[in-house]
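Below are structures written as structure tokens.
Both of the next two complexes hold chain A, though its partner changes from chain B to chain C.
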Partner chain A sequence: MYYFLLYLNFIKINLQSIFEYRKAFWYGQVCMITSYVTDIALIWVLISRFKTINGWGPYEIMFLYALNLCAYSIAGVLLRKPTIALPSMIQSGEFDDILIRPLNPFFYTITREAAMYFSQLTVSAVTLTICIMKLQLTINPASVGMLILVIISGALIQGAIDLFAAIPAFWLIKSDSIKDLLIGDIRSFTRYPISIYNRSVQVFLTLIVPYAFISFYPAQFFLKKNDFIMFHPVFQYLTPAIGIILIVLAYKFWNAGVRHYNSTGS
Partner chain B sequence: MAFIEVNNVIKDFKIYKKQKGFTGSVKSLFCSQYDIKRAVDNISFKIDKGELVGYIGPNGAGKSTTIKMMCGILLPTSGNIMVNSRIPYVNRRENAMRMGVVFGQRSQLYWDLPVCETFDLYKKMYRIDEKRFKQNLSFFIELLGMQEFLQRPVRQLSLGQKMRANLAVALLHDPDIVYLDEPTIGLDVVAKNRIRHFIKEINRERAVTLVLTTHDMDDIEQICDRLIMIEKGSILYDGSLKEFKDKYCDGYILTVVFSDESARPNDPRFKVIKEEGPKKTILCSREVINMAEAVTLLVRSHNIVDLSIKEPEIEEVVRKLYEKDSENYPSTIAATGEND
Partner chain C sequence: MYVYLEFVRKSFFERYVYRANSFIYLAGSIIRLMVMVSVWKVLLDSGISPEGVTFVDMMSYVIINMIVTTLISSNMTSRITAKIKTGDIAIDFIRPVSLKYSLISEQLGINLFRGIFNVIPVCLVALLFFNLKFPNSFLDVVMFTISIINGIILMFAINYILALCSFWLKTGKYNERYLRTLFELFGGTFIPLWFYPQFLYKLSYYLPFRLVTFDPISIYLGKLSLEASLKVITTQLIWIVCLYLLERYLWLKAQNYIFIQGG
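Presenting the complex of A and B:
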């Protein structure tokens, strides 16, 4: 509760900061939306040419994309700014400021860098709604509940990956290369159903960097597909469990990082 | 038991040998090649409640490292620290609740927000009750003269104004102990005086224990009762300011204006430490030449326009001590920056 109130306060402060530069804020939002719309348009051009990719229709692929973007932007609200800021905080010694406060360093870091990704959230929500309508998916309390659960769990997975990409900075000071790899290059695989890729890529995205659990496996449930490649159909229900396990591991990893910082400084 | 006890504290840092590029950074995850640098070497001291201690030393001496260990940011390699019967790096959060810190090089204010909003935030963070918060705030606003800039965004404030606001933030929650790391760095004379006055006042009124690091010896001279001097991780001096002067100030300074610009006393007992045209500042040691003799000698051998004598300030003394040390180890001083 204490952290939540503090979090709201920081959101207020950060919004105030953002609104100090109104024009920059609107430019930023317009650019973001344009970039995502372009992204979607490109995928659309490609998939509407082929009609289906490996049995997935255009709207099904859009659904996959929107699910992923939802998780990505929710994780972004909580964790993107702190994980991006972490290496430079460690490098400049600014992380000291976290440790001189009477707060849990993890929650304080997150709270202090609170951010709102309006445009991502909007684009993903709109795309998701359009896909649900076009695909005429059943809408009842159970399916809506499941969708929310999947999105939140997906956000946990994405958040954990963000953290795993940033935390090595405690040892390496700079961890940009790991971040670019995990959040940039590898994530771009998830635009299409992973069943189109080579087996090793499928295993990698399922067991090593489990992006497939954010959109590919849960999408099977909503779209009533049976495209589990070499894995068991139970995987469509595993997203929440994977999300919780990963975020707990990430938190332990974080604590190890802070302990290392305690003994070495910046 | 003393309020702060530092017992035989050692802090070693591993300096990893860096490698370039992506493969290099992955390699350094596993690589274990490093040198060990001892930043703090077996330091012990005690500080009582309500003391105002100046903690000085040249860059890289280990000041910041010691302060960081007392704050709970860093863990000592060996030895132990107790602050108000807590171990800061074990009971970090409890310790932080009762502690205030100002790092002169960094700000704890929010760039785009008015100062008063920042105070509000820290009020919530430290769970300061409304009444106490208001009392403290009006006291600090008065004492630091903050009324005029309270509503202005931090980015528009001068360095001195920001420092005042930072000091207020550090003291808002009635800490028992406050660490000030170079609180007057980069400030003009007026701003420095204001800060010094405030620090003294807080120490006197509220019996707050203060540990202050600085490179400005006027800070020490004007506000500290006690001086701890550290050099290459070891304590060089710990005692009152007066004793320090008696012990190390064996010289005096002559400022002489010669009528001839190129004139220069060539007696080896005169050490010229500063030259501004015909005006020379000369340092003499009492043991080598007494004051009367020095003046007589100068007046006899040169045409002198003006002459003044003064006891050296602590700044000179400290400079000499630092220099003496860096002569013995010139490379280490040059190579090791301040650790922050």
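Presenting the complex of A and C:
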């Protein structure tokens, strides 16, 4: 509770500092929205030109994309900035600062740097709505509840992956390339249904870096698909469990990292 | 000329110091290639699209695209914005080397590094695993080489003009992203323009972005007749001249406009 209030306060401060530079802020938001909309539009152009990709239609692919983007931006609000900043905080010794506060270092780090992902959230919410209308998905309290649950658990998975990408910095000091690989390139697999890839990639995205649970498996539930490749259909319900397990593991890993931390002394 | 080669060499070796990272970036590029390969494999499953494009064509398309986009990537806008913000730009005005060519040669150094440590290995992987298409005739090779070099010059001109615009816009990061988006949308780097709906194709046709990678690759794949290829090269040259004049004009204006806010 205490951390929640602290978090709200930090958000307020961050918003104030963003709105100091109002024009720059809007310029940036418009830019991000344009670039995401272009991305989605191009995927739509591609898939609708070929009708389907492995049995997934254009709006289904958009749904997949939006689900992923939504989880990504919620994780972003909570965790992205601290995880991006962590290596440089460790490098510069700024992390010392966090350890001497009378607060849990983990919660302090993530609350201190609340980032705003307005544009991504807007784009993903609008796209999800368009897809739900176009695909005429059933809307009832249960399905809406499931959607919210899936998005939140997806955000937990994404957040845990973000943390796993950043925490090695406690040992390696410089680990930007691991981050780029995990959050940038490996994530690009999830734009399309993972059933189009080679088997080893499918196993990798399900069991090792479980991006498939953010959008691919839950999307099958909403779209009533049966594209489980070699896995059991029960996987469509596993997202919440995986999310909780991963975030707990990430927290443990963080603690191990903090214990290992030696100030660089600079 | 020698000075600028030195710039290229310097910025190349600056990257070379951190070459350990390049293995991870290489893994990233291979992943991106894998994604594109899988997508086109599924989409062109039946062998050939109504436009007469085969999977082998698409593989060559994706790979040449990767090489060229690496060679033309640019962060000149960010660098010039940083210089304007700190006031360092004042020094560049009095230096005996041109700002334009030193920026471009530094960029070439960075891009060459990525070309050697990233793109060449990816190409080797591609050559091992896929069937690639090679041009039909020697004439196509010549035309392709000329048009791709023009394309690279063209994109450098666009990037440099964007960099000059930061004298007025005073922000870098987002402008680079805008340009990337435009290039992706109208340049056919993600989906070749063959597959675009009519109106989008028409729109792209009148913009210079398609001349950078799409048209040269079409020549490479033998999709364009000799006249069409010559037309592409002429259009490229016209664009290059126009952009050169625009850039000279902006540079003159910028010199008068610049206001150094101390350092």
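Worth a mention:
Throughout what follows, the second predicted complex is superposed on the first by the 261 of 266 C-alpha atoms of A that agree within 3 Å, B and C clash if a C-alpha of one lies under 4 Å from a C-alpha of the other, contacts with A are read in each partner's own complex, and residues count from 1 in each chain.
In this section, a residue touches a chain if its C-beta (ideal position, glycine included) is under 8 Å from a C-beta of that chain, and two chains touch if they have at least 3 such contacts.
Quick caveat, the model's predicted, so the values are computed rather than measured.
Judged by the touch definition given at the top, the superposed model places A:168 against chain B, while chain C stays out of reach.
When the two structures are aligned on the shared chain, A:177 is found in touch with chain B and with chain C. Look at A:256: by the touch rule set out above, it reaches neither chain B nor chain C. In the overlay built on the shared chain, the residue A:96 is in contact with chain B alone; chain C does not reach it.
Looking at the shared chain after the overlay, A:17 reaches chain B, while chain C stays out of its contact range. In the superposed model, A:6 lies in contact with chain B only, and not with chain C.
When the two complexes are superposed on chain A, the residues of chain A that touch both chain B and chain C are 177. Taken in their complex, chain A has these residues touching chain B: 2, 5-6, 9-10, 13, 16-17, 20-21, 93-94, 96-97, 99-104, 168, 171-172, 174-175, 177, 262-266.
Across the complex, chain A is touched by residues 21, 24-25, 27-29, 31-32, 34-35, 38-39, 41-43, 49, 171, 174, 177-178, 180-181, 184-185, 190-191, 195-197, 200 of chain C. Interface of chain B with chain A (complex): residues 13-14, 22, 25-26, 28-29, 65, 68, 71-75, 77, 89, 92-94, 96-97, 99, 101, 103, 106, 108, 110-113, 117, 121, 124-127, 153, 339-340.
Listed in rising order, the residues of chain A touching chain C in the complex are 24, 27-28, 31-32, 34-35, 38-39, 41-42, 45-46, 49-50, 53-54, 176-178, 180-181, 184-186, 188-189, 191-192, 196-198, 201.
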